[in-house]
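Here's a structure for you.
Order of writing sets the chain letters: A, B, C, D and E. Residues in each chain are counted from 1.
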Amino acid sequence: MNIIEKLFPNVIPIWTGDGGVTQSIGQTLYMTFFTALIAGVLGILIGIFLVLTDDHGLLANRPVYWILDKIVNIFRAIPFIILLAVLNPFTRLIVGTGIGPTAALVPLVLGTTPFFARQVQNALLTIDPGVIEAAEAMGLSPAAIVFRVYLREGLSELIRVGVLTIISVIGLTAMAGAVGGGGLGNLAIAVGYQRFQNDVTWVAMIFILILVFLIQFIGDLFAKRLHH
Amino acid sequence: GSNKSTTQTPKTVKVGIMSTDVEIWKDIQKRLAKEDVKIKLVQFTEYNTPNQALQDGDIQLNSFQHNDFLNTWNKKHNEKLTAIGNTYIGPMRAFSNKIKSLKDLKKGDTVSVPNDVSNEGRALDLLAANGIIKVKDVATPTIHDITENKLDLKITELDSAQTARSLNDVDAAIVNNDIAVAANLKPADAISVEKLSAKSKPWINIIAAKSAADKKNKTYQKIVKAYETKRTAKLLKKYYKGAVIPAW
Amino acid sequence: MAEPLITLKQVDVEFKEKTRSVHAVDHVDLTVERGDIYGIVGYSGAGKSTLVRTINLLQRPTSGTVSVLGQDMLKLDAAKLRQERRRIGMIFQHFNLMNSRTIADNVAFPLKGTKVTETTADGKKIWRKIKKSEINQKVSDLLELVGLADRATAYPNELSGGQKQRVGIARALASDPEILISDEATSALDPKTTSSILDLLAHLNQKLGLTIVLITHEMEAVKQICNKVAVMDEGRIIERGTLLQIFAQPHEQLTKDFIDTTIQIESAIAAVRKQPAVRDLQAPDQLVRLTYVGASTDQPLVATLFKTYNVTANILFGDIQILQGTPFGNLLVVLSGTQADLDRAFDYLQQSDVTVQHLSANQEGEQA
Amino acid sequence: MNIIEKLFPNVIPIWTGDGGVTQSIGQTLYMTFFTALIAGVLGILIGIFLVLTDDHGLLANRPVYWILDKIVNIFRAIPFIILLAVLNPFTRLIVGTGIGPTAALVPLVLGTTPFFARQVQNALLTIDPGVIEAAEAMGLSPAAIVFRVYLREGLSELIRVGVLTIISVIGLTAMAGAVGGGGLGNLAIAVGYQRFQNDVTWVAMIFILILVFLIQFIGDLFAKRLHH
Amino acid sequence: MAEPLITLKQVDVEFKEKTRSVHAVDHVDLTVERGDIYGIVGYSGAGKSTLVRTINLLQRPTSGTVSVLGQDMLKLDAAKLRQERRRIGMIFQHFNLMNSRTIADNVAFPLKGTKVTETTADGKKIWRKIKKSEINQKVSDLLELVGLADRATAYPNELSGGQKQRVGIARALASDPEILISDEATSALDPKTTSSILDLLAHLNQKLGLTIVLITHEMEAVKQICNKVAVMDEGRIIERGTLLQIFAQPHEQLTKDFIDTTIQIESAIAAVRKQPAVRDLQAPDQLVRLTYVGASTDQPLVATLFKTYNVTANILFGDIQILQGTPFGNLLVVLSGTQADLDRAFDYLQQSDVTVQHLSANQEGEQA
């Protein structure tokens, strides 16, 4: 006990309680999970539409592609830290509050979705066009081709970019402190760094690392299972 | 137009604070718990949000800013957030690993200042007060308001926490008080300290509520009273190591 | 039997490349009737794949009309087109299997969610979704047919080239199509497996009336099951007709070349010339190529030559094939006898509808 | 002129000078360019080594792969804002100073490299193994296969992930203000947002958008050229 | 000519799948000598591709030794192995072209940066880097050879299946290998193109002594250029020998099946039975299959039967092929005559080394 107290003098007192370590872990998990969930669904949707509407796509449609593509670019262009700030009124409109982990979700989702959508697009473009063609020849509808071919054949690649994105989300949540979102990253900065309490930084970082490794491990596991 | 809605006090009072004040407020939280006033602390790291949160009713009080910051915010947003109590004042200080006094600054030297609005203003004012530069007579000058820079100083704006860390990279760093405390910069080692005067009123930290009506709120008064005690003064001394001065 | 199922009219496909454009299909007319097994042959790059891909509009023609199963394909909306496509099975030259699914799942792929008719107790026909067990049954039957029952749970990456191709065949047949388009479906298969696949196709053709368009470069395959053949060259169909017409009376040089390659007549002639019996040939003995179709073989040709004309025929190379039940023969023989006997023998042969091509012994044969 | 003055009252005075618009543009370009350059080279190197040393790779080597993989994960795990902060002593060691755009390069490179490396790895894994095998059969050395096959066959995919990464870098530079890196993102936040000068935010954002669109446009152009 | 270039000893390859393991190559011994064109045939999935991939160690065997060009391949370090591999050209079943390069660049690929020898004025041999112009010359020569000169600047995606395969062939030949491993290099090609590619290989074999290992399922190709053949089944080589040995005296049923398929003997027998001449056959007339190799055909067999034994032979189906210059015949004939004449005729045939197989007219032929 003594050693721990010596090594982590500043961590012990804030282990629990408001803004403490356990709460921060919860907040990071909360923000990461819901961002991954919502941005995951939206990103896959947009990514699929990008693939479907591009010039070689099943529903080739220049104007739609152009618009989608530009929207994705614009949102990707806005640095997250700015998004976090300027989105505040919009956030309040959507989730009813401008502060806290839930409020952080809005900029997180908006910052992550276009990034993930682009990755989904890249992932799906690597699928052999011959396979898509075979499905077309069987008379499958575009929706069926999306579900039964694109999402299936691209699954291991989607998992890979999914993991990449989730890890990026964890990085972004570190900035969520700006809107009171808390989380491990915020703990590391606001407490550990700004108050020169290195032990807090380390502990927060270790928990983030554990989280990242866990996600990568699970992702690799699934990807490997799908590798034939 | 919902300025009067706060007469109804919620069971738990949410107080928005910066992490630097956690210990002080946790103590007050404990003390008030006995008096059946429940406080929930909401920590912020960014200086703009707590006021917005207060305005939106996401929190009921906040304690992180000084008068000037509050006034600026009110003006910009056309709101009426009100100070209901004073907490402390923390002076700006200049530190250096290289020189013993601001007067020793040479031509072309680098000085780092915090990059947030009020701290930057105070830092520049500190330099101006020492006759190093001249700035326009505005409330919170920025580097764009420098009218004379005889020494051709390179003034680098940094994240406020970074100013303390930049001591090896600059000839002098102007560090705001709470950062200096956290960075273990001893007040005594400062090569220059912001003068406290009537002009310092804007920089006195306060407890803010949504509207003037809240001044009469019994619970809030209890909280203010709990803050403005000797015990808090002692805690401030303890945690800020004499760097801040109680201002009630 | 003469109902046209596929009618291509003036179908044209041009690919634009950076510097040039490739006229892959050049104003082709093609009619495939119900029950046909229509072979399409031609050099590599002739436009065969591109042509058949216009049938189900995987390749939209630059111009021309495509009508399949009574529908003007180019006028159909997307949903209708999909419905039509479900009636057309396709075996791809490059297999196009889904790497993420097992063999069995690949074959089951077109079946999932389809509907089947069922006759209820009171004789009404109703549509219902296909059952999982029915799919499994069908898949295992098909895998059995193509000889891959033991690899059902393997993934395409774990298969040999020919095994992949067989999965493609099973998949194309899974949905009981009315038309089957087969783009070199047996090119990666050994002759035995090829033969059994072709037998399977012929069987489906006869039993279920499956109409087949068969691209192939294996003339053996054409001979084995096609009733009609079209020969493509540089985007155009330069010759077409029934199997026998094409084999017995080829008009175009290209067609002749193709047929000759199947019987390897050129190398045969070259080899034959090296044999002592030919090298030392003394006039009036001579080397001839005899080509004949049909009944001729019912008469003992060579025996008759000797019996009636006193001409000895030494068969050096022979290829007598059965095309749709009719024999089709190519023989390289040395005929020996007196000049007079030989002349009478030639007359007799001509009367018997046997084409005689004189190949003088020591020069190149007079191949046109 | 009057309209411009009216629309951008706060922009005009800070158009030039220290911390002004033009300087910020320069800083963003500087940080983006050098980060892209250095992280690009390092990321491709690491990405290639990840591909080469993995179980199906040309130089399959479990321990090396494991170490590389974990290093990449660790650095990806650290939120950039923390990297920016805690890397300061290291930065000083490398570039001699802890503040300014050049000092920002160190955390930028360290934050971008593992992200890009992972993307490079994913991109190269989509190359048909048969082609690699053909090159092996010709007796090409692993180095030759990397340069003549991996980097060539994967080029259009590499450009795609490169663009994705550069745009992410632009997002990260917005945080470089913390160490005095300046840049457009910092201008938007520190001046525009913090001082409630919306016109500054907008102008900064527009320049960022122009930059992002330019990069995406150039990337698409190259990728399209390579699409056969 | 008897120097062994490739020696596989007890080579074994096992693939582990999730639930089972596939024994793709099962303790195979194989020796290929300099100048051989060694055909490897077998059913799809027999292990042919896997076997030849062990030659250049693209597939490392589970056990066994591989020695190529005098080197124990498994003992070489990486750099040495690469050097050896440069001497072995390989044509892949799935082409494996680089989509990012033009056809010409694909063919030039193995040449870039290689060295060539040059004899200086004073007769010394020196190594120097190949010149760009030399590469271009070689590439255009090769593309000319495979008939793709006009597509040099196209990309693989713009080619037909057969065209891609031809690019693969050109690429494999570009580096002047001493050994060429060809995995179904002509499977996607029409017979004419196939024939010309095989001629090209045979030419390289004769002129440059190129040793070739040729996986194929086209027995025509085997007949056309191979001097030796190995038959694979379920990972093992079940029969091997010279071309003539394999064709004339096949021991294994599988081998027989393969040969029979090339001459389509089974369908021929079936078709022949339907002909009037056979259907209405009256004893003692009978349908027989005659198989013979070599000189026999120098004697006018059928004519002799009639002249000497008074037996009329009606050839219903014939396949006389030239294998490496030697004729190899399969005839289905109806022999007519008295029983006594027939018996004497059979004796004569047997003495002449002609195998007679009696196919009674109305039952199934006694195929083992």
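Criterion: a residue touches a chain if its C-beta (ideal position, glycine included) is under 8 Å from a C-beta of that chain, and two chains touch if they have at least 3 such contacts.
The structure presented is a predicted model; accordingly, all values stated were derived computationally and were not measured.
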Partner chains that chain A and chain B have in common: D
Top-ranked pair of chains - ranking by C-beta pairs in contact: C-E
Centroid distance [mean C-alpha coordinates] between chain C and chain B, Å: 88
Chain A and chain C, separation of their C-alpha mean positions in angstrom: 55
Distance between the centres, which are taken as Cα means, of chain D and chain A, whole angstrom: 18
Set of chain A residues in contact with two or more other chains: 85, 189, 193
Touching two or more other chains - residue numbers and ranges from chain C: 94, 158
Residue list for chain B, restricted to those that touch at least two other chains: 48, 161
Pairs of chains in contact (touch as defined earlier), listed by label: A-B, A-C, A-D, B-D, C-E, D-E
Touch list for chain E against partner chain C, complex: 15, 17-19, 22, 41-46, 48-50, 93-94, 153-154, 158-163, 165-166, 184, 187-195, 217-220, 223-224, 257-258, 261-262, 264, 267-268, 271-272, 274-277, 297-303, 305-307, 312-322, 325, 327, 329, 331, 334, 336
Chain C-facing residues of chain A, complex: 128, 130-131, 133-141, 144, 148-149, 152-153, 155-156, 226, 228
Contact footprint of chain B on chain D as seen in their complex: 13-14, 17-20, 85, 88, 92, 97-100, 103, 177-180, 186, 190-191, 193-196
Contact set on chain E toward chain D in their complex: 56, 58, 79, 81-86, 88, 90, 92, 94-101, 109-110, 112-113, 155-158, 171, 175
Parts of chain D lying in touch with chain A, wherever the complex brings them together: 70, 73-74, 76-82, 85-86, 115, 118-119, 122, 126, 157, 160-161, 164, 167-168, 170-175, 185, 188-189, 193, 201, 205, 208-209, 211-213, 216
